[in-house]
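Each of the two complexes below includes chain A, the first together with chain B, the second together with chain C.
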Partner chain A sequence: MNTLLTISGLGVFCLIAEIFNLRKLLIPVAIIGLLAILGLTISEFNIPSSHYNNMIVVNRFSVSFSSLFIVLTIFLIALSGDFYKEHQSKLSDYVAIKIFLLAGAVAMVSFGNLAMFFIGIEVLSISLYILAASKRLEVNSNEAGMKYFLLGSFASGIILFGICLIYGATGYFNIDEIFQLSQGAGIPVWFPIGLTLIIIGMLFKIAAAPFHFWAPDVYEGAPSITTALMSTLAKVVAMATLYKLIQGMVPAIPTIFENIIVVISVLTMSVGNLMALRQNNVKRMLAFSGISHAGFMLMALLSLSSAAGTLLYYTTAYALAGIAAFAVIILVTKNKDNEDIINFNGLGKTNPLMAAILTASLLSMAGIPIFSGFFAKFSLFTNTIESGYLFVVIAGVINSIVSIGYYFKLIIAMYTKDAAETPSATPFVYYFTAVIAIILNIAIGVFPNTILNLLSA
Partner chain B sequence: MDVSILLLSLLIGAIVTYFSGDKLASKVALLFSLVSFMLSLNILYSYSNGNDVSLVREWISLPKISFALLADGFSLVMVLLTTILTPLIVFSSFGKSVENAKKFYALVLFMSFAMTGTFLAADGLLYYIFWELALIPIYFIALVWGNGDIEERKKDVLKFFIYTLAGSLFMLVAFAYLYTKAESFLLQDLYKLNLSFQEQTWIFLAFFLAYAIKIPIIPFHSWQANVYQKAPTIGTMLLSGIMLKMGLYSIIRWQLPIAPQAAKEYLPILVGLSIAGVIYGSILALRQKDLKRLLAYSSLAHVGLIAAGCYTLTIDGIHGAVHQMIAHGFVIVGLFFAAEIIYRRYNTYAIGELGGIRSQAPKFTSLFLIVVVASVGLPGTYNFVGEFTVLYSLSQINIWFVILGGLTIILGAYYMLKMFQNVMLGETNSNSFSEVTIYETITLVLIISFLLFFGLYPKPITDLVHPSLNEIFSTINSLK
Partner chain C sequence: MNNILNQIGIENYIFLSVLLFCIGVFGVLYRRNAIIVLMSIEIMLNAVNLLFVAFSTYHQDAEGQIFVFFSMAVAAAEVAVGLAILVSIFRNLGSIDIDNLKNLKG
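Up next, the complex of A and B:
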């Protein structure tokens, strides 16, 4: 609860910081504020509580995921300073929007009531629409924002419709009550229909196939730092929320639902991977790779009772690798018209550290040991095998092999081609963000216990 | 003192090498690889005095994964092979400048670290992690420092990476499945599992895919010749001298004891495939015009015979395979090094352009000849010991296997001596060939003296590996 209040307060402060002429200090202040909030959040880890008639429920699940979101936001805000250098007058708006987005994200994982869940998802989505269109003089960015807004609001509508049907079936918005009622006999047919609609809306938000068509265009068109935000933070939020929704509302997924999840999971990872193989634009490639990762994360829904820790671990590993990768991508393509792979040629010679970091984050996404991506995939596979879905795991393995094809395309370009131009100076903040993100990634890869067991009772 | 100190010394060595700068890198790498060699001798000494040098620590509580290193005679022999060959391989590059040396030697040591870990690990997941870790450095070594056209090399090396990763990911699935059965990844727990025949078959196949690609056994060999040819010689030595032994070691350590019934059921197919590799490799070696490719195919033939020995499921076959693994590790490093010596002078591996080296470099000729005859398994060399034991074990299975497998000796002698004739004898090439340098001589002499010594007196190695191999053998044959 305190987390949500303080985050909103920080957001408001960032908006009015202009008045006090604090623009230069804005980013350090925001980061220090977020660090303080992070400490506050973690301190609530062992103190479950609920507020406002169960509107907000604070438990280990919400605290762990909120902490992850805060960490990711800190990274993203740290990168913003240099990214928006030419738009100093807008800086406070952008930072404030990101912090409000974080508030929405926290609301989404700590809701106890579907109304709160919907408010959270709207706060998050509207912030994203704005950020996607934030390069207002560029037609690509406008297109991305418009596309995302139209399709996203459609998905929100579907979710809202689902919530209404569930209310009609049970008479409650409170998910504890819904959970109780869903076990009993004679639940009206509106209930599964409503649940399906909510799941469809969420699948849209995490860009799972066949609801993924918006993602590549929006990712490519949006400013790089927004793409970083969408592919790490926003995806992780939506995935955690979907998990919490299903786990919170039904005791066990009916078999038919499970089969659908299997199909969507395998489809998502395959479509994402196969499309990624054909991309030359790095942002588009990572968009498709993100789609395939969403497919992997969906596997967590197949072992609903035990996979919370695994999901937390997977999302952490994926998001940290994503942040590190995007820090390098933003740096390399800073003064370029596009984000084609050609821009990365010879990075191994011109900027060995950044090349090494990008390599490490790609290896992590590909699931090579010692990076946390490996353990993430591994514990997901173990969970899924325990639930009896061996063939989904085999599909996952085949997809991991395919994914090497495009991750390594980028690595090869960095190490074997010659650079077209001489290197320019790198602002310190990129090194800082990328190095810390990748060190965290490797650290939790070597000591997976720290995260993996957080949520197991 | 336990075996983890070996891993530590190699890992620290890799890091220190990276920070020592390009000029010092090769010397620092040699120093650390020698230190790890000394440490492994020390560990061997304390092991043979009856001390327990294994290590088991809990690493991750859920899923239950331990940091377990098992040191028995068998794994120690393989570790020694790694720690002897690593300084030799590093030393063999002395006198030749390497671009970006600090990264190169750091990768070499890191790879040595990962391979040592693979030989020692006694926990399925830890083993898998080391197994995969060894792949990353060799990928970069072959990609960045390789020779030949960059576009083609890129394709070949990527193919190699995807191939091996694909195989090992199925092994990972097998481990995950085993974990759900045993609730543990520890080797001894996996040995105790009672698996149905069907389960064993699938697990056996998943392991087989990983190992058959790594070794390689046909039909999974298509990456091999290209990568051996295009990798820098040090990379080729690491690949053929040590890395492929990871696959052979794992057959004996993991695959056969965990799924023995499946191994028994498919014995004729497995031995048949391995023998097919022997014949196929030998025939292809006959036709090669590139020295490195010829050696690559000869290696394919030899490891085919080793794999056949493992899959006979006889104690002799396994013993012979272990001897042959060590002998092959040395001899193939020697052969590739000889090829490298020629390349340093003539800048070519094409056999057609070589010839008449003998009259200009008699010392090199004699040394090369000894390595060549060792590789064809002449009595008195260590290769003879292993090869003969494996052939003997094949004769216990089926006489046809031994007849076909014996072809490796005949064909091997034919193509190796023909190669020697074309490269070293005949008319003098117009370019002059300078005699081997002191570094080169030392390297070759060390390899040769090892092969001759254990060829005449293989007892120390037999004594070392005998108890642990017997133990594994009894696990394979215990009723499951």
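Up next, the complex of A and C:
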């Protein structure tokens, strides 16, 4: 609970800092503050507790996912200093919005009451609408913001209706009471309908197929740093919340629901990969790649009781690779008007370190050993086979092979083509962020058990 | 209050709310004017608020009515952001027809 309070306090501080003209200190102070909050959060790891009539529940699941979100936010705020260099007067707003977004994310994984869940998802979504439309003079950014706003609030309405039906069926918002009542016989039919509506709304938010159509447009039009935020932080938050919701409210998923999850998972990863093969815009390609990763993450729902650690590992590996990749993409496309693959030609010669980092992060997403993406997929597949869904794993393996196709398109452009122009100087912060993200990625790839076993004890 | 609910029946409240919710959904899907789309989203959220209050009386429990305050506050914040985005679209394009928003595709 201290996590949520201190994050909100830090957000308010960032807004006040603007009044006292502390703009130069803003980003270092925000990062130091977040590091302190990270320490505070980790110190609560072994002390499960609940606050305010079970509104907020602190347990290992919430602490470890909150720590992951805080780490991702630190990277994103570090990158935003240079990204918003031309917009100094709005810097504190952007940083504050990102910190409030983090508060929403933490509320979403540590809720014990559906009211808290709803507030969390709305704080996260409203911050994202603002960030997606934040380049207000560009039509593309406006369009992305509007599309995201319409689809997002549509999904929020569906989630709210689901919460309402669950309240009608049980008479409680507290998920512990709902869990108790959902086991008993004679629960009204509203309950499964409500649960389905909440799940549909969450599938909108994680951009799983048939509800994925907004994601590529929004990712392409939004400013690059917001795309990085949406494809790493927002996706991971929505996935963790969906897992917690289902695990918290029903003892076991009925078989028919599991079959639907199987269909959605396979459909999501196939649609994402096949569409990614024909993209020329890197942000759009990574949007489709993110859709296919959402399909992989949905597999965790098939082995609900044991997959928490695997889900944490997969999301960590995916998000760290995403941060490293986007650090390079933001750098390369900084002064360009589009993000086509052509901009990456010859990066291997002009800036070998950045090219190597981008290659490493793409290989991690594709699931090549040494990088943590491989072990993430490996343990996910193992879990899924153990719960008896061999078919999904076969589809997953085929999709991993297909995904190498489009990741290598970018890698080949970097190393075999010639650069069109001479590179400009690289700000240090890009190297710093990208190198740390990729080192963390490789470190958890070398020692996978540190994270895989975190939630099992 | 409970007496009225008994006479009308909770099912009818659910039917009314579902009907209003569907009006909102079809408004979002079929109308092209962004202001009307925003209004349709509001109808969706308010249909749910109505159902919350009905269930709250049905269960003799105040929690549902408190939730309505939360969802009203959230809906207000959401619409404020939506209108802000709409204003910047109008400044750039001179129109609020959402069919004009099709630069991004592929």
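Everything below uses one rule, namely that the second predicted complex is superposed on the first by the 457 of 457 C-alpha atoms of A that agree within 3 Å, B and C clash if a C-alpha of one lies under 4 Å from a C-alpha of the other, contacts with A are read in each partner's own complex, and residues count from 1 in each chain.
Just so it is clear, a contact is a pair of C-beta atoms (placed from the backbone, for glycine too) under 8 Å apart; a residue touches a chain by one contact, two chains touch by 3 or more.
What you are looking at is a predicted structure, and each value in this text was computed from that prediction instead of being measured.
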{"item": "Superposed partners chain B and chain C on chain A - clash or fit", "value": "fit"}
{"item": "Between chain B and chain C, more extensive residue contact with chain A", "value": "C"}
{"item": "Which superposed partner A:F378 touches (first chain B, second chain C, both, neither)", "value": "first"}
{"item": "Partner chain(s) touched by A:I394 [first = chain B, second = chain C, both, neither]", "value": "first"}
{"item": "Contacts of A:Y167 with chain B and chain C, given as first, second, both or neither", "value": "second"}
{"item": "Which superposed partner A:P369 touches (first chain B, second chain C, both, neither)", "value": "first"}
{"item": "Contacts of A:V435 with chain B and chain C, given as first, second, both or neither", "value": "neither"}
{"item": "Contacts of A:A144 with chain B and chain C, given as first, second, both or neither", "value": "second"}
{"item": "Overlay on chain A, chain C to chain B nearest C-alpha distance, Å", "value": "24"}
{"item": "Residue ranges of chain A touching chain B (in the complex, touch as defined)", "value": "348, 363, 368-370, 374, 378-379, 381-382, 385-386, 390, 393-394, 397, 400-401, 404-405, 408, 412, 415-416, 447-449, 452-453, 456"}
{"item": "Footprint of chain C on chain A - complex, ascending", "value": "115, 118-119, 122, 125-126, 129-130, 133, 136-140, 142-147, 149-150, 153-154, 156-157, 160-161, 163-165, 167-168, 171-173, 190, 216-217, 220-221, 279-281, 284"}
{"item": "Chain A-touching residues of chain B, taken from the complex the two chains share", "value": "59-63, 125, 128-129, 132-133, 135-136, 140, 143-144, 150, 154, 158, 161-162, 165-166, 169-170, 172-173, 176-177, 179-180"}
{"item": "Partner chain A, residues of chain C touching it in the complex", "value": "10, 14, 17, 21, 24-25, 28, 34, 37, 41, 44-45, 47-48, 51-52, 55, 58-59, 61, 63-64, 66-67, 70-71, 74, 77-78, 81-82, 84-86, 88-89, 92-93, 98, 101-106"}
